[in-house]
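Worksheet: the structure to be examined is printed underneath.
In this document, chain identifiers A, B and C correspond to the written order of the chains, with residue numbering beginning at 1 in each.
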Amino acid sequence: MNAIVMRRASAWPQRTMRAALLLVAVAFLVVFLLFPLAVVFAEALRQGVAAFLASIAQPEARSSILLTLLVAGIAVPLNLVFGVSAAWLMTRFQFRGKALLGTIIDIPFSVSPVISGLIYVLLFGAQGWFGPWLDAHGIKVIFAVPGLVLATVFVTLPFVARELIPLMQSQGGEEDEAARVLGALLYGVLLCNARAMGEFGAVSVVSGHIRGLTTTMPLEVEMRYNEYDYVGAFAVASLLALLALFTLAIKSLLEWRYADALAAHAPGGH
Amino acid sequence: MRRRVLPGFGLSLGLTLSYLGLIVLLPLAALAWKASDAGAGTWLHLFSSARVIAALRLSFGGALIAALLDALAGLLVAWVLVRYRFPGRRLLDAFIDLPFAMPTAVAGIALTALYAPNGWLGGWLALAGIRVAYAPQGVLVAMAFVGFPFVVRTLQPVLENLDREIEEAAESLGARRWQTFTRVLLPTLAPALLTGFALALARAAGEYGSVIFIAGNIPMRSEIAPLLIVQKLEQFDYAGAAALAVIMLGFSFVLLILISHLQRWSGRWAELPA
Amino acid sequence: MQISNLTRHFTGFAALDDVSLSIAPGEFVALLGPSGSGKTTLLRILAGLDYPDGGNVEHEGTDFLAAPARQRKVGLVFQHYALFRHLSVRENIAFGLRVRPWRTRPRRHDIVERVRQLLRRVQLEDCGDRFPAQLSGGQRQRVALARALAVEPSLLLLDEPFGALDAQVRVRLRRWLRELHDESRLTTIFVTHDQEEALELADRIAVMNKGRIEQVDTPEVLYQHPATPFVCEFIGKVNKVPLTYRHDRLAASEWSLPEAPWADRYGAAMAYIRPEHLAVAVDEAQPAWSARLRHIYLAGSVTHLDLHVTSMDQALEADIASEELASLGLRPGMDLRIAPRRAVVFPHQHGSAELLSELRWEWRDSNGEGRDAGALAPPAPALSM
């Protein structure tokens, strides 16, 4: 039999196998990942665009948006400064305990969000270490905005550092290095922000759920959901989903530009 | 000493250490202190409480199963994304990170809506007699959802760097396709697979927001450990909450040590001195 | 094995263009050529890792390409070893035997024994339990070879196996490979771009260029009687002297080709002259070029002379036996009379730079020794010093 014919013949079982695998993988991804995204918007618009807009315009929604922006607006820059400082320290100097430092920076990643909130309650809550002192001075941390900020800072602490450190370690000192470092920085800030705005568990624990005062967007979503205001919940959720999509888009753009510099990182989550 | 050559050692050290000390170490110290202050009674109660044990079993056992599922699905997806060319590949690749980028509460209500008996998927599954929402299965689904990107993202670079010649060598030596896969490719991928598995596991075990909506939170059945901590806090049982948190951290720690050993063992051939 | 008219196209170019070659059993054939010549493509097709667009290969009466790679009983050795890093040396070698289906798989004891024998053959008895990462490049390649030999192939294919190794290791392994081949008499096809390697190792060499085989011959014939301009330039060193048709002869300034192979049909040609075929002390009575000796490079038993012919404004290189240096009284700056004793000549296509290799003509000065003081029998090919 002619070799060319042979090649085509023997390729068929392999080709159908490939097609099958491809189909299964794509179908899985669509159902597993894309459906949840789609359902957010579907549910938000279930009663029409007008209802959606009205829901967003409600004062609780607006204040939750503002609060989310405020908290992220404080937490992200703080962690940015920290991240740069830590990356500079870790990659430019030799000293004992570097590995330990690295592990400590990674701690917020491996701790459950609820525990992340818990530790601040234990520190600043009514029965916490500083509880009585704060109370005596009339300062509210837990169940107030400062607590939200602290908890958010904790959970988003590693992001910028984690993106910068591997990159800065392998620096050659050329011009394009500066661009790559900036790219990694941007990437880290992006992830940091996405997590900061979307954080739920930790913030839930320290917030006290005081509507209009200590309710961020994710918490607002929960509250509306528990009140059976599904459209309302999904409406706010869809805003967060849009933020997620935006984050993904910029991330992809950055990756396609700086592919090698950002390869193989596993960002954390909530 | 190199430290003196570049500027800013003192500054960056001071900043980094004080920041970490305030934000990370101090609160953790408070946790350790509170937990140790809890008294034998609290601890005993925790260890003997069937509810606590059930919650821990669900959180960690469920995370194990979810991470396993993630490993299998992640391997398939990573393989397809790296090896095959098809329209929309890059787009799909970008979406792998969706569970990362999406806030957990949003994921939580979305998954619930999907798998509820009247949801897009829940309806079909109900026909097959499978309940997902408001059941332990829902917990698994949510955990798998959040852990999925870890596996894919750790596998992709390794897959991309696989040397085709290795597979060609195996083929020329007489290996069939599946033999090449199991004897050559999988062992090479094992360390990365385990890393991804561990990351997914760590994430899933501590997961709160995505899980509590779909779980139903029925004590002894679909109640996760973080929820118990929240409840204790609401009851002002700080000691109990702290103790439970320490138990959770302890479990995670042990798990991660085990997996890191497993990883090192599976990748021992890669780090041998020349 | 009979390879007939193989063609393989990739987008935009032909990697193989109507390639045919026959290989005798037990022969050691080298595929020699620059990168892009198609030699690796040919090897991969034989290995079963690629399929041709046209042509076929016959082996022992059967269609060789009909079987998939894993059924061809071919041993393959790669430039970068392609060892299984997660397996020990022993397990690497045993791989081919362990993946055999049940029925044809040897018993465990036999596998162990065979691995032991092979380890001895490749002189790595102590390294059985080490991992590839712990071995040097030369050791790794020997393991790769042992692994390929373990499955008792009927054909051994090597793709630039020594390319990634140091020069010394390369030379050592080269000799060792040849010994192995002489022992085993396994049909071997060896791809390389290093002519030294090919000339030293092969029974026959196929010189390839741009997807075609330019010449297939033994190393001696290839060197002494190159068939095409490419082979002339690729193998060994060569002087290129352009000739133009003047007074019924093809000539280059003071010297002309004594014979007129194509009568007057071609006005221009190119003569390829090996350095050892340039006589450097030509008698006054003979036509010769006036050249200035610019440099003398003494390299062991052969001396290279760097000459410049003013009338053609061309640099030429001549090789003489080092003993002759003294007897000829050569000193840099001297003027010499030089002339070729042997040449391979190709005519130019009318009005173009292309040479017609089909009209190749080999000339040899029939007046040999005694006629001029500097006429020498060409020394052995001076390729490596």
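Throughout what follows, a residue touches a chain if its C-beta (ideal position, glycine included) is under 8 Å from a C-beta of that chain, and two chains touch if they have at least 3 such contacts.
What you are looking at is a predicted structure, and each value in this text was computed from that prediction instead of being measured.
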Starting at subunit A, fewest touch steps before arriving at subunit B: 1
Identity of the most central chain, Cα criterion: B
Identity of the chain that, by mean CA position, is farthest from subunit C: A
Which two chains share the largest set of C-beta contact pairs: A-B
Euclidean distance of C-alpha centroids - subunit A vs subunit B, Å: 15
Distance between the centres, which are taken as Cα means, of subunit C and subunit A, whole angstrom: 61
Interchain centroid distance [CA atoms averaged], subunit B/subunit C, Å: 58
Subunit C: positions in contact with at least two other chains: none
Residue ranges of subunit B in contact with subunit A within the complex: 1-3, 6, 8-9, 11-13, 15-16, 19-20, 23-28, 30-31, 33-34, 73, 76-77, 79-81, 84, 86, 90, 92, 94-111, 113-114, 119-121, 145-146, 148-150, 153-154, 156-157, 177, 196, 199, 202-203, 205-210, 213, 226-227, 229-230, 233, 236, 238, 241-242, 245, 248-249, 252, 256
Complex contacts: residues of subunit A adjacent to subunit B: 14, 18, 21-22, 24-26, 28-29, 31-37, 39-40, 43, 81-82, 85-86, 88-89, 92-95, 101, 104-105, 107-115, 118-123, 125, 127-129, 150, 153-154, 157, 191, 194, 197-201, 204-205, 217-219, 221-222, 225, 230, 233-234, 237, 240-241, 244-245, 247-249, 251-252, 256, 263-270
In the complex, subunit C residues that touch subunit B: 47-49, 69-72, 74-76, 78, 80, 82-87, 95-96, 99-100, 131, 133-134, 144, 147-148, 151
Complex contact set, residues of subunit B against subunit C: 163, 165-166, 168-176, 179, 183-184, 187-188, 269-270, 272-274
